[in-house]
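For clarity, chains are labelled A, B and C in written order, and residue numbers in each chain start from 1.
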Amino acid sequence: MVNLEDLKKEAKQILKDEKVKYIIGYKKGVNGLMPVPAFIKNPEDVDKLVWDPTCVYNLTLFIVDEKRRKAREKNPDERPVAIVVKGCDSRALIVLLQEKFIDRKDVYILGVSCENTGVLDEKKLIKKLKGKKAEKVEFDEKDNFVVFTQEGKVKIPAEEILAERCLECKANSPVIYDVLLGEKVERNINNPFKSLEITEDLSEEKKWAFWKEHLDKCIRCYACRSVCPMCYCDECVVDTISFAVTADTSAEEKAQKIKWVEKSPVSSENFVYHLVRAIHLAGRCIDCGECERVCPMDIPLRLLNKKLEKEVKELFDYDAGFDPDLPSLISCFKDEDPEDFIR
Amino acid sequence: MEKILTKKSFPQWVKKLVSYKIYAPVEEDNHWSYEIIDNPENIDLDYPLTVLSPKKIIFPQREVLLEFETSNENKLQVKETLPNDEPTVIFGVRPCDAKSLTLTDKVFGGDFEDLYYWRRRNQSTLVGLSCNIPPSPNCFCLSVDGSPHSKEGLDILMTDLGDKYIIETFTKKGDQLINAAKNLFKNSTSKDKNNLEKIQTESEKKIRRQVKDIKKIPPKLKEMFDSPIWDEESMSCLRCGICTYLCPTCHCFDINDEIASSSPIKGKRIRTWDNCQFPDFTMHSSGHNPRPDKASRLRQRIIHKFQYFVERYQNYQCTGCGRCISQCPVGIDIIEVLDKVSDYGP
Amino acid sequence: MMAEEFEPKIVAFLCKWCSSAGSDLAGVSRMEYPSNVLPITVMCSGSVSPLYILSAFNRGADGVLVSGCHPGDCHYIKGNYYARRRIALINKLLEYIGLEPQRFQMSWVSAAEGTKYTQIIKDFVKELKPLGPQTKLRKDL
């Protein structure tokens, strides 16, 4: 089991030594069960750090944020930023390193192992508790979750409320780290693409009906894009914000700015947005599940990315986020790449 | 008037409203949402807060303002596309959501009335449902001059008395709805009235959250434009759009032309919701963006709701529904921010 | 009056050095083939972004074809290899959301294969006719 005190000790030390600018971790939220991201600058504040089954968030996107912040500063502090990562989150860091978006020296990685369990899905927990309000959740030695409610303690087997992606976990322990807390435990997942089965077996018409029903609900809040650490483009396909306008830009040019997707949340535009996002994440998505967690309309977004993850593995034998020296999927090829679909 | 309706008779009342389009909260996946009802037996008024408020019915996310095309002689023809005449009833409106419509009324009304908004607003009858228990763990309506049994903005208010509803009407539209099924309603007794008062007092005690000292906030915000507090509070903000799109009082919109063909010209002018938390909300055509970072956008949101709107319309632009708190992916809590604002400074 | 038979609209992204030249050869040789194609010349099949394909369907294309040089013959050496990877993925994704798989095709057509190009188009039109207009991803205007 991960000892939280060890994490706090390590965090305190690197802040005292001024090795890092600040530490990105999890701290208790003011309200409710779930934690919030913490940005700890003072060694005295490390006591705020928590580590428990509610630490679902993928904090890697704040590394992307940090890069944006540095770009705006005149004399930026070149020290690295420390970050608390789980196995899945560490794969996101590897993808960012692969794409040379950040340097290895920009992050100090405090890896935390999930060992035999993972993190919970808040919605599943709420359903399980049937009205009782959870105040705290802890790991126990036997891979259960111990849930503290106002009406007393409840022990729930982890599988029943684990996040969907934890049931298909490919990396239960950080793949890259400067410090590792917890044990590296071998864990065999029989079917890493089980969640796709229901949708893949449907007929063509049923598949369409499934996706149309879900994507029609999309309100284009772009939370899925904003929470994804891999969606770091300064100008996204759906916005055209950095169209450089100079004194010489003609009215014609301004008027003919390409608009790939209309702003209104109608079915066809929602499809283009989500499909393009899925393709842009092919070979890069590491299934942290955040896109699906943050969606206010409960769209099963993870499945789109999971489908491509499966195809990428089957067609090209490629796994995202394990080797920082590997070229990214679409910037390399093999002579034996399948071409049976080509006439 | 004040009437009693048994829970069993409720679907029958709705069935009598044949000339209306009926909306009510419906459970979809893991959330509730206002949808058109075909079968009144499916209406379940025992629901938590919906994800989107009834704002989406009165002020839809996509509205066609006009259509244009060039005729054979190359003349441009413009066709106005006002909303259709469709009397609508929305059931299960929480008092906070109803109050939010009175706030958007001020924005879309006044010196210049927005025809599209008012067409829909005037043809809608709002049937509220009192919050005997808070529908969300983050409700704070009492702090922003609201209440779990407020009638502001409603035509009818229903309160659950156990096996029956007590129904109060406040407008002619509300009376019309009752009269459509007169025989289903009974008069209320003094026992019912006492019950109602008890429930109303109890419901106020159950509201779990409150803003510390909201009256201090508008004058405080005036001095805080350059405060470092905005940077600290927005560190974890994702720049998504959830807080503003789900907010029942937020009303910013964008207008775009959607072109079907450019020769001959044919297209529509569309109004869609817009979001001050998106990075390009204040992007000028020169490329300059006066709100380039998250801190300035969080500041804008708080100051707009709790200072500018107060100065302009003498109301907080917030009804305490708590959606922004419950749905923020990183747990940014508007009450926490406001408490920090009231504590700020000497 | 006889009802008009449905004529599918095909948007074809043809690489300039091979496939587009192949279609030109078909034209110059006076080979007959259906006129349902809207050809768009791109510099290389590797430059075809998934956005182009989705955008073509969004604007109402009934079928989309991407055609490039044979492996090993790319004018830019490797472009068609990258295309092969990318297009394989788009193909799988479109099939996953329930778009009829017959609507999206990729082919290798060299500058000398005018006949092959006409055959591909003839077959494509024949496969698309029974499917009717593409309404799933089409923008509603």
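Definition applied: a residue touches a chain if its C-beta (ideal position, glycine included) is under 8 Å from a C-beta of that chain, and two chains touch if they have at least 3 such contacts.
In this text, all values refer to a predicted model and were calculated from it rather than measured experimentally.
Comparing chain centres built from Cα atoms against the global Cα centre, which chain wins on proximity?
Central by C-alpha mean position: chain A.
Among the chains, which is located farthest from subunit A on the basis of C-alpha centroids?
C
Between subunit A and subunit B, what is the gap in Å from one C-alpha centre to the other?
Subunit A and subunit B have C-alpha centres separated by 31 Å.
Express in whole angstrom the distance between the two chain centres, defined as the mean CA positions of subunit B and subunit C.
Comparing mean C-alpha positions, subunit C is 47 Å from subunit B.
Cα centroid separation between subunit A and subunit C, in whole Å?
A distance of 35 Å separates the two centres.
In subunit B, which residues are in touch with two or more of the other chains?
If we look for residues of subunit B contacting two or more partner chains, we find 258.
Please list all residues of subunit A that touch 2 or more other chains.
262, 266
Which of the residues in subunit A come into contact with subunit C in the complex?
The contact residues of subunit A facing subunit C are 199-200, 202, 204-212, 237, 260, 262, 266-269, 271-272, 275-276, 278-280, 282, 304, 307-308, 311-312, 315-316, 329-331, 333, 335, 337-339, 341-343.
What residues of subunit B sit close enough to touch subunit A in their complex?
Residues of subunit B touching subunit A: 28-31, 51-52, 61-62, 137-138, 209, 235-236, 238-242, 245-246, 254, 256, 258, 270, 272, 275, 278-280, 283, 285-287, 292-293, 325, 327, 329-333, 335-336.
Along subunit A, where are the residues that touch subunit B in the complex?
For this pair, the touching residues of subunit A are 29-32, 34-37, 39, 57, 61-62, 72, 123, 133, 217, 219-223, 225-227, 239, 241-245, 254, 262-266, 290, 293-294, 296-298.
Could you please specify the touching residues of subunit C with respect to subunit A in the complex?
Residue list for subunit C touching subunit A: 50-51, 54-55, 58, 71, 78, 81-82, 84-94, 96-101, 105-108, 120, 136-140.
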